[in-house]
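Could you have a look at this structure, given as structure tokens, before my questions?
To keep things simple, chains are lettered A, B, C and D as they appear, and every chain counts its residues starting from 1.
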């Protein structure tokens, strides 16, 4: 099995490489970088383990996009930014299974894409065929998808607890209030003042609140597919962790329904996956899933309101981990293969 | 002017001492500690500046409660824990102006106190006379208060933006959804596993959500006083900062009203205080008020919903700073005297 | 294969459990806790993965020491504190291979133990037979050791770069100056004020400098075994990371020798182990080995002075990871089995 | 009194503005920025307190360099980077007292400047007249200096404990080994990958070790002026704090001398300044001087070796605070005026 990873110098790209380099299916991996082709992996990621260099094509030299195309890969991951990703991936589509971690193939409606990302979609005809890679929710469609759009980290953490409840009509679809907290790696590896250590340590803020964050349209798309009329106010907050995400959601229970149905609804939809731990206990701690591919979920009823709490590691279950899970599903490799179940202590 | 500070070894007590030691009114200060009476201040707080030792009674030796009583102070601050504070302060009441930073005198109704704190109030007859020290809101009552109950940090940050809007009927009183983020110093200086560096760094969690946090009853008391029927779901989150607080509130605008009224409502109630900066700009960053006595407030309208954003430093405006502000109001010292306007860079 | 882990509620114990639960040799694991026997693992470590519960004896219930003794384990890890460990391990010695992570079996001389730890050694006759588990240095002796003393984290990071150079006479044995920086987890999971988040974040300090730290005697023992007369000034510093260690050592080159010999000396002693990456490049970053079992080493010559730089993760290569490496060596499981080669991104 | 501050958008510039805005001498302040002239201060520094706007010339609009020149200031602070500073300051020299926080006027020898900073000095004739602003050490010369070169933060923290001992011959001048730890703000407010939160949190490293750091030449200059032959190996480390510095120095005592002389030597040189607290106690904690203009110093004798420990806040005593102290000395304003004695809790 041969797998290319485009954009290996960011946090998500590095993690993809490391996860794939330890994957039991032992794929041959092409690390690809347009800007740094020819560079040695040890320079691009000083934490990449020497002993895994034998898993890399080209002896650890970063390949160009052209080389990657010629290599005829079974699968291609892209950790390129939105906008760039769709164009860069075009030559790989129809030849390789593509798993894109950008926003480029998440939205079905090209008009919504243009309104959200400020530019027309370069290949709108591809949108209909892409499968939204929320692994536990779209597992069946993923099994034969050739173009997989990894969800944003916020949507993953927000929607995993919500979707089965919306679909079953347990909660009212409108008026959802979602507050989300994210570690700084969610912003990517960009040299911007706002993400400096000195700016972010000992500081926190809400940003792009209400309906102004770019992840709102993809959540609306998926939530309304589960329940007509679903809508939310969504407020992300930047907090001083490297990695981690915590979401607190308030919904209104549908008339006569209560939280006792929740375990059954989750079981029916999610089965016994090791990646979604859920209980009626106290809110989960993001530290308990740090470095794992898990999303821990709890809930609490307050009168006719339902509160949902979910945590994950934005680079693992919120990005690279979930992307590898999609690969596993697509190629029948065993859903947990190569993915950390326990996190860091 | 002579001022005692009870409980000087915690974070709030330390900050009170340092603020008072630099106060332009140059009070004589008695640092008081039941458990460490006789200890030198340099041991109790290695950061206390030597040069300010001359402001301390007893040459910097911590006094006992008995000594403090005999000293006949004009004002007494207490940074003791709830439960202990009311009993410890009894001998000072009617003799000194008392500013209590615990929860002991915040609630008017002894039954609510007992339900919230799990024990009967030791001096329920004192509750009616206490003034809730939300400085900008109760400024007039504070001017001749002899017992001042410093609000909790969460209530201060939550209610400063809310109260003028509720009072004016701009927003519906029910169904408020409040999400709050707090730095770890909010939990005090207690040797508990949950507050260790290794537990809290790179981790975050919601806790005591909905209506289960002890600050909910004092918020209900003040909010319903401003608008009948006010109620909220309140979810605090613990995030890895030393000091800081950020609150995001979602309310529903009353029929036909909109956010354009907000500047006028705040001006009418808060005037030109340097401590409350407010604007319709993007959400504030807690880093910009770190180390200052400020609370920065912004808002955003989303259809018929109003979002409010407020940040403060939980040890300054959320505790010791606001308490000194109450002292200033009570003794006519100039409201900003001795309080940091700019924070740390 | 059956393995007990004593003291599973600390950071090292938790990591041992998680590493062993993912170990390819698939041992049956007994989690043991004197104080919390009977508790479920999910309570003792909320981050332990449910799916690995099947690797635990007793369905994830923590066993008592008595139960562990009766179980007849092949190997026993102890993450108990020094003093307690020797006594608690006595019943397991001669029956199981014991790997002790405390200081109890590190020192050969009972008098030095007593002087260092303030109490007589409970079983001094055991000291001679214990092998100091510096894996790459004592690999041969470890292959048939029945009692293995895991080195302290500071000694591991300090001595891995030093020992081959001292042994070969490349540097003068006396006058070594060692400065070490450690993350806070090195202090263990103890509810002490000094290790609170608020005390340690945004703060740092040297502590127990010179010859006063308890790890100095074990370093003297090992260093003098490699080169008569070896001695050091050692100053640890506490810095605000959860996990990580960085050591900077200054030595004097022996007359006429220079740094060009270093690669050969390391190769001769350490071979091509994936865990010790070394080069003449710039000083390593502890972030690059975070979460891995690696120790990265670099050096720099300044006239007749040699500077050595080494980093590791104090819980992995400095404790639990190295301990599992010793298990692998002792039982012939393949030295890297179950150990992370890449760290966290 | 009229004071300009050049370069107000960095950390040091911001702190200078805030300190001066609260200075009891109530100077009129011109905030100056070449790149952002015309911008409002509230945009350049959202933490600047509104109420202090009246202290700023131009109602808080950032002035251009030309405007600053025409304003005829009594004093000019420059927080511009080295290289730029000397050229930019030329028009102010001979007209205003200039306090430069860059490296441009620290070195007496233009050849050393060129070797260190990679470019010829633009105004070498100015170097002889500049006074090195190590406030407590060069207090007399500062009293009538017209060009003051604020020392680097590392040199300040390293040399304050060393200089009186070297001058008195208590320690051997050669072979000093200095290890320094710095918070990330020491690198300035630059959008570089290496200073991102995600890169620096949970990571640490030595960098530019031995004699390769740019602060080594200025230390050599000052140390050899105090004791012929003084030399050092200097290794800075980057650790994850916003602000803070800790230095550990190992020296050899001169024959027959011991540490008991130290208090007398410091008293003779430093008197009773509130900014230098020194004792033979355990190493100081940088947290105790955080936000203050203090440098805390302790020492320990180990045989014939002397260990020195010093901590400061790199933005206060290591930069802006010390610079204001120099202003105070130069203009006879009282050495502590406007400077924080206590730090943050």
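Quick note on the criterion: a residue touches a chain if its C-beta (ideal position, glycine included) is under 8 Å from a C-beta of that chain, and two chains touch if they have at least 3 such contacts.
Quick caveat, the model's predicted, so the values are computed rather than measured.
K.L.:
Hey, which pair has more contacts between C-betas, C-D or B-D?
P.N.:
C-D
K.L.:
Please indicate which chain is farthest from subunit A, where distance is taken between mean Cα coordinates of the chains.
P.N.:
Chain D.
K.L.:
Between subunit A and subunit D, what's the gap in Å when you average each chain's C-alpha atoms?
P.N.:
About 45 Å, centre to centre.
K.L.:
Please tell me the distance, in whole Å, between the geometric centres of subunit B and subunit D computed from their C-alpha atoms.
P.N.:
Measuring from centre to centre gives 36 Å for this pair.
K.L.:
Any idea how many Å lie between the Cα centroids of subunit C and subunit D?
P.N.:
The mean C-alpha positions of subunit C and subunit D differ by 40 Å.
K.L.:
Going through subunit A residue by residue, note those that touch at least 2 other chains and give them in order.
P.N.:
Only 11, 185, 199, 201-202, 240-243, 285, 287-288, 290 qualify.
K.L.:
Along subunit B, where are the residues that touch subunit A in the complex?
P.N.:
On the subunit B side, the touching residues are 177, 179, 181, 183, 199, 201-207, 209-211, 233, 235, 237, 239-244, 246, 248, 250, 282-288, 290, 300, 302, 305, 307, 309, 311.
K.L.:
Write out the stretch or stretches of subunit C touching subunit A in their complex.
P.N.:
11, 14-15, 18, 21-22, 46-52, 201-202, 274, 277, 285, 287-292, 294, 315, 336, 341-345
K.L.:
Which bits of subunit A are touching subunit D when the two form their complex?
P.N.:
Against subunit D, the touching part of subunit A is residues 11, 184-185, 189-193, 195-202, 240-243.
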